[in-house]
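I'd like to ask you about the structure that follows.
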Amino acid sequence: MKKKIVATLLTAVMAASALAGCAQKVDPNADTAASKEATEETTQDATKEEAKTDETAAPEEKTIESCEIEFWHGMSNKQEEVLTQLTDEFNSSNEYGITVTLVNQGSYGDLSQKLQAAAAADGLPDMAQAYNNWLNPYIDKVVDLSDFVATDFDNYDDIIEAYRNECSEFGFVHALPFNKSTYVMFYNKTVLDELGLEAPKTWEDLTTIGEAYVEKYGNAAWGVDDLAGFVEASLRQNGEGYVDATGALFNTDGGLETMTYIMDLYNNGLARLVGEDKYFSNVLSAQAMLGYIGSSTGASYITADGWELGVCPVPSNKESAAYCAGTNLVMFTQDSNKQLAAWEYMKWLTSAEATVTWAVGTGYLPVRTSAYESAEYQEFMASDVTATAAYEQSDAFFTSLASYDASNDVRTAVAAKMEELILDETEPQDALDALVEEINAQF
Amino acid sequence: MEKKSMKGWLYLLPALIIITVFTLYPLIRAFSMSIMLDYDMIHNTFTGYGLENYQKVLSDKSFHKALGNTTIYAVVVVPCSIILSLLIAAMINGTKKTKGLFQTIYFLPYVTSVIAIGIVWSWIYNSRYGLLNSIISFFGFDPIEWLNKPKYALPALIIFAVWKSMAFNIMVFLAGLQTIPKEIYDAAKVDSTPRWRVFLRITVPGIAPMIVYSYIMGIISAFKVYNEVYSLYGGKAGPADSAITVVYYIWKKFYQSFKYGEAAAAAVILFFIILAFTMVQKLVRKFLSR
Amino acid sequence: MDIRIENLTKAYGDFKAVDNMNLTVGDGQLVGLLGPSGCGKSTTLFMLAGLTEATTGRIFFGDKEVTKVAPEDRGIGLVFQNYALYPHMTVEDNIMFPLINRKVRKDAARQQAYEMAKLVQIENLLKRKPSELSGGQQQRVAIARALVKKPEVLLLDEPLSNLDAKLRVETREEIRRIQQEVGITTIFVTHDQEEAMSISDQIAVMKSGVVQQFDVPQSMYLNPCNRFVATFLGTPEINIIDVEVLGGTIKCGDVVLRTGVDVKNGTYKAGIRPESFTHRENDHKYSVNSVRMIGRDLLLHLDMAGRDVRAITHSGQSITTGDTVEFSVRESSIILFGSDDKVIGKF
Amino acid sequence: MKSTKVSNLVLDILKFTILILGAIITMMPFVWMILSSLKTSSEITAIPPTFFPKDPQWSNYQEAWSRAPFLRYFVNTVIVAVGSTFGVLITTVLSAFAFSRLNFPGKKLIFSLLMATLMIPGEMLVITNYITVYNMKLEIGETRIMGIDSYGALIIPWIASVFYIYLLTQFFMQVPDAIYLAAKVDKCSDWKFMWKIMLPMNKQAVVTIGILNFISSWNAFMWPLLVTNDPNMRVLSNGLTQFQSEAGSDYQLIMAASCILVMPIIIIYLFLRKYIIEGVTRSGLKG
C-alpha cells in the first residue's frame, strides 16, 4: 500500500506542475530579458508615461470627484489615536469630499505579509504605510510620485534630506516619509553624574565611561537594540561604505577599525546582547545597565522611577551618522481620480502643521526641517529630551539602502551573524571576514 | 463488507470539495512552484522549469541547520510527549473524585494565550531568577543560560514544546481510555495483574489507535514547528538563529527574500521527509503485531 | 474450600442491594444464585469476588476471612456476563495471562493453558482473537481463563445469558461437567430458573436483596417457603387462585378442591402446579378454554369458577378447545399461603 | 498478601505527587496570565518580575475593553467558531463514517492523499488561499457571502479538516463490526445507522472534536486578519494587536485582553467536559 502512495504522489507532482505551468501566463519578456532588473525598467517607464498624461490632461485648477481612499497601516494604541485624529480632520476639511478610511492591519510583520498577498491577488489598497525593502517584489505596482512632487508640493526641499533620498531609492519618487524615528542613546543620567562623567560623544567616550561603570557596578554598561543598524552607523561614522547591490563594501582597513571598535566593546564586557530580557527598555528601567542605543519611539517604554533618564545623539567618530528607521506613505491606486485624492491626503500628512501634531503626539520625528524650527515643536523639545537629542543629530540622518533585491536578507543575516560572532567572542579580523562573507552569500 | 459501492464518495463529497479548493489546489501549486525558476508570485511569472531551486536549498547551510534542528526536535519531542501524556492520562483516568479537576487543569495550556505562555516560559528559562535554574542550582548544578547561549536553544525549545504538546495528547488519550470496557480492568484485577502490567498489556494496547494517531499527528506538526519558536524567542529564531526550523526557513525565504520557488522546494523536501517518518510508523507496527 | 457469608449487607445510600444475607456453600458444591434482575445476586457475586466492597458483614473462604482482601489475593476465578476477554490478545494469551502474572514460566504457562483449552474443548482456537469467535466459544475461553490458575472458588455472572437456546443447554452441561471434574466450589448467578435447577447442587432464591430460600432444587420446587419462590420456580408457572376454607373444605368459587382439612376457616391464596391435575372419572368437570402443545405435554387452559387455570397432561389424548375434562388435584399438592404469603401447609 | 497492599499505597502516593506537581507546572502560565492582567506595566517588565500584583489594577480590563470594539469582535468570533465547528462536525462525521465503515474504490488512495495534504506547512498555502478567497466575491442582496470581509471567507475554508477526520475514523473503527452487521440485518440504512447508532456511541469523541475545533477557530489570528479589512469583521484575537507596537507592548493590557478572550472558552469547556470523560455506552455485544 505504501509504494502505491509514493507513486501516486509523484505522478500528482508531475501532472500538477504541467497543469499549473500552462495555467499561468509565462511572461514573454521575463524569458527573453532573463534578468529581474530588466523587467523592473520596462514596467517603470510604463507607469511614468501614464502619470504624465494625467498631468497634462488635468488643467491647473484640479477637479477631484469625491471618493473613498483605503489606507492600510500598522499603527496601534497611541499612534493610531493621533493618525485617526489627523485623518478625521482631513476628511472634514478637504473641499473635494474625499474620505480616507484607516484599516489597521496589525503589526508590521502582518502588514507586510498582507501587502504581499494583496499584490499577488491584484487587490492592493489605494494607499499604505510600507518599508522600502517590502516593496522590492512589487515596486512596479507603486505609483510614481515624481510629477506630483514636481508640480503640486510646497517646498519638497523642506523635507529632511535623508528621507528624500530614501523615498527616491528606486530611481523615482515612490513615497513620502511618514512615521520616522532615529536611534538615540538612552542613559541613566543619575549614575553618570555619580561617576562624574559627561554623556558619551565619541567612540573613546563609550569605552572609557563603559570601563568606569563596569568597574563600579560589575554588569555590562551598554547595549544596542538593532545590531545591523549599529554596524552600518559605525561604518559610516568611520567614513566607510556598507552594502549595495554589488555586496559588502567595508572589507577595508577602515572596516577593520570599525569592527575592532565594536567587537572590543562586547569582548571586553562593556556591552551586552539583550538576549532573554527581550527589550533593553526593561533592563534600563531596572537600572541593570548604564545606557543603550534604541529607537526614539521606545522612550515611552522606559520607566525612570528613582533616577533621571538622559538622552543624547549616537556617539560618533570621524563623522557623525545617525541611523534612521520608519515607514513611508506609498500609493498603489491606478485610478487617476483616486490618485489625485490620495495625493491630497499625503500632502496633508506631510504638511508642516500635521507633521508637528504627529511628532508631538506619537514621539515620531517631524519630516520637515521647518517643523523642527516651529515654535510649537521647539516648546515640545524643551520638555522632551529624546526629541532634543534626535534633533541634534538630524543633520547626520541616513537610512539603509533597501532598493536592491537581497536587502531584506542582508538586514536579518547581519543581525544573526553579529549575535553569533559576539557570543563566540570572535577576534575583530575574523569577525570582519565572517560578516563580509555572510553578506555576500545573500546575493 | 458489502460490495464496493460509490456511496462512500458521496459521504466524502462535502469534505472533499473544501479540501480540494483550500488545501489540495494550493498544495499542487506549491509543488509546481518548486520546479519553476525565478518564480515571481506577485506577477505569476517564471522563466522555465528545472530543479535549480532544489539544488540551491539543498546546498544552503542554513537549510541544513534548519533540517537538523527540526529532525532532532521531532525525534525527541513526539515520543517524550506521547509517553508522558499516556502516563498522565492513565493516572488521571485512575483517579475517581478528582478526575474532572485534573482533566481540566491539564487542558489549560490548550486554551492559554500563546503570548502568555511565551512570556512565562522565557521567565522560567531566565538565567538569573528563572524557575528552572533555581531547581538546577538546588541540585548543585550551575545555572544555564537557556535563552542566551545557542547550544541551549534547541534543548530549551524541546522542553517547552513537550510541555505545550501534552495538553492535546492527554485529551485524546483520555477520550480513548473511555472506549476500554470497565470489565476488562476488573478481569485484570481478578487475574492479580500488577499495575505496571495492566498499563503495558491492557491500557496501552487498548488505545493503540489513539497512540498511533498522536504519533503521526505529532510527527507532522513537529516537523512543521514554527509557532513554538516564535512565542519562546519573541519572533526571532533563537540566539543567532541557532533554533531555526525548516518552516522558519520557508517563512523567511517566502516573506523576506521573496524567493517563492526556493521556499516551495524546501516545503516539498519537508513533505517527503514527513511522509517517510509517518510511513516508518506503519512498518514498526507491522513488525510489532507479528 | 467452603464459603461462609455472615449477615452481609451492601447499601447504596438507604437502598439495600443486599440485605443482611447469610449463606454457607459446601466444598466442591455448585450453588445457583437465582432471582429476578435487581435482586442483588450479581452484587453478592461481586462482593464475593472483592470487586465491590461490602457495607457490613463478613465473608469466609474456608476459615480465612476475605471480606477486606483484594480480589487478586482471594484465589477466585470469575467469568463475566460478557466474558471481558482481552480483545487484542489471542485466546492463548488470554488464558495464559493469569499465569504470567503469577510468575509462571512461559512454556509451563503455555502447557497449562493448552491443558485447560483441551478441557473446555477449544484447543484448536488458541491462535484466534476473541472477536473471531462465536459467543459459545468466547464463553469457554472465559471459563478456561478463570480455571487455569486453579482457583479455590469459581464465580460465574450469568454466563449463559448471551447464548442461543440450544447452545445454552449444551454449555450449562459443560459447566457442570468441568466443575465436577475440577471439583471446585462454584457460585453462579442466573435469572433463568430452569438453568439453576438443572445444574445446581443447591439454589438460593433472592428477592430485593434478601435470600428467600436456600435448598436443593427438588425440595425447593416441591415445598417452596413462600409464594414468591413458588411462582418463580417451574414452567409453566404455578396457578395462584383465591380459595375459601369453610369447615375443612377448600373451595374455589363453587368448585370443591379438598375436604377434610384442619385449617382455620377463611380466605387464602392457594398454589396448584399445572402438573398436579390428574384425570379421574366423575370428578369436577372443567371446560377447556384453549389447548397448546409444549413438547411432550399438552397445556390446557381450564375454567375454574370463572378463573383461567393451567393444567398439563400427557400429549397422547385428543382434547380440543371447548371439550370438558374431568380432573382432580393430586394429594398434598395444594399449597396454602397465609396472609403474609408464607406457606401454611400442603393439602 | 501484605506486600501488594503497601506497594499499591506507595504507587498511589507517587501518582498523586506527580499529578499535583504536573498540574502546578501546567497551570503556571494560565495563573500568571490572570495575575498579570492585574499588574501595572512596570511590575510586569521589572527584573525579576513580581508574581503577585501589589494592588490589583481592575482598570486594566476596563482600558483593554475600551481600546477596541471587543463586543463586535466577540459576536464575530462566536459566529465564526460556531459556524466552523458545526461545519467541521458534519463533514468529519460523514467522512469518518465513509472511511471506517463503507467500502468504495480508491478508499486507500484518497485517504493517503488527504493525509499528504497535512504534510505541507500552512505558511506555503496561505497566499494562494487569499487569492482564491479574494476572487470569490459573492454577494446576495447587499450582504456579502464570500470574498474579502465576509463570514464565508472566515468560516468556509475551515469546515473540513483532515486532522479531525483521521481522529474520528479511529474512534469509529473501535465500534465492533458486529454492531454494523446486526443493524444491516434489520434493514437499517447507512444514513440512519450513522446518526442513530454510530454517532451516539461515539458521542464523547465527537464532543471532543467539537471543543478542539471551537477553541482553534476561537484563537485563530492569522487568517481572520488576512481576509478582513473592515474592523467590524475582525475577531477577538485580532484585538490583541491593539496593545503591541514595534517598540514594545503593554503586556498588562494584552494579558487582560487574553483573559477576556479565554473566559468564554473555559465556560463552554466546563459545560461540555462531562461528555468527554463520561464513558462510551458499550452495546450489549461482547468481546
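For the reader, a short list of remarks on this structure follows.
A, B, C and D are the chain letters, set down in written order, and residue numbers restart from 1 in every chain.
By definition in this document, a residue touches a chain if its C-beta (ideal position, glycine included) is under 8 Å from a C-beta of that chain, and two chains touch if they have at least 3 such contacts.
Note that the coordinates shown come from a computational prediction; the quantities given were computed from them, not determined experimentally.
The most distant chain from chain C, with centres taken as the mean of CA atoms, is A. Of the two chain pairs examined here, A-B and B-C, the one linked by more C-beta pairs in contact is A-B.
Note: centroid distance chain A to chain D, computed from Cα atoms, is 38 Å. For the pair chain A and chain C, the distance between mean C-alpha positions equals 91 Å. Centre-to-centre spacing of chain B and chain C amounts to 58 Å, using the average Cα coordinate of each chain.
Residue positions 4, 47, 113, 116, 127 of chain D are each in touch with at least two other chains. Residue numbers of chain B whose C-beta contacts span two or more other chains: 29, 41, 126, 181, 192, 255, 275.
Counting partners per residue, chain C has 70, 72-73, 82, 85, 87 as the residues that reach two or more other chains. Across the interface of their complex, chain D is touched by residues 1-9, 11-12, 14-19, 21-27, 29-30, 41, 87-88, 91-92, 94-95, 99-100, 102-117, 119-121, 123-124, 126, 128-129, 163, 166-168, 171-172, 174-176, 178-179, 181-182, 192, 195, 209-210, 212-213, 216-217, 220, 223-224, 226, 246-247, 250-251, 254-255, 263-264, 267, 270-271, 274-275, 278 of chain B.
Every residue of chain A that touches chain D in the complex is listed here, in rising order: 1, 4-5, 8-9, 12, 70, 72, 74-77, 79-80, 103-108, 110, 113-114, 116-118, 120-121, 123, 125, 277, 279, 281-283, 285-286, 288, 294-295, 297-298, 300-301, 303, 305. Those residues of chain B whose C-beta lies close enough to touch chain A in the complex are 28-29, 31-33, 35-36, 38, 40-49, 122, 125-127, 145-150, 234-235, 237, 239-242, 252, 255-258, 268, 275, 279, 282-283.
By the touch rule above, chain D contacts chain A in their complex via residues 41-42, 45-47, 67, 108-109, 112-113, 116, 126-127, 130-131, 134-135, 148, 222, 225-226, 229-231, 238, 241-248, 250. Chain A contributes residues 2, 5-6, 9, 12-13, 16-17, 19-21, 24-27, 30-31, 34, 36, 39, 109, 112-113, 116, 119-120, 136-138, 140-141, 273, 275-276, 278, 405-406, 408-409, 412, 416-417, 419-420, 423 to its touches with chain B in the complex.
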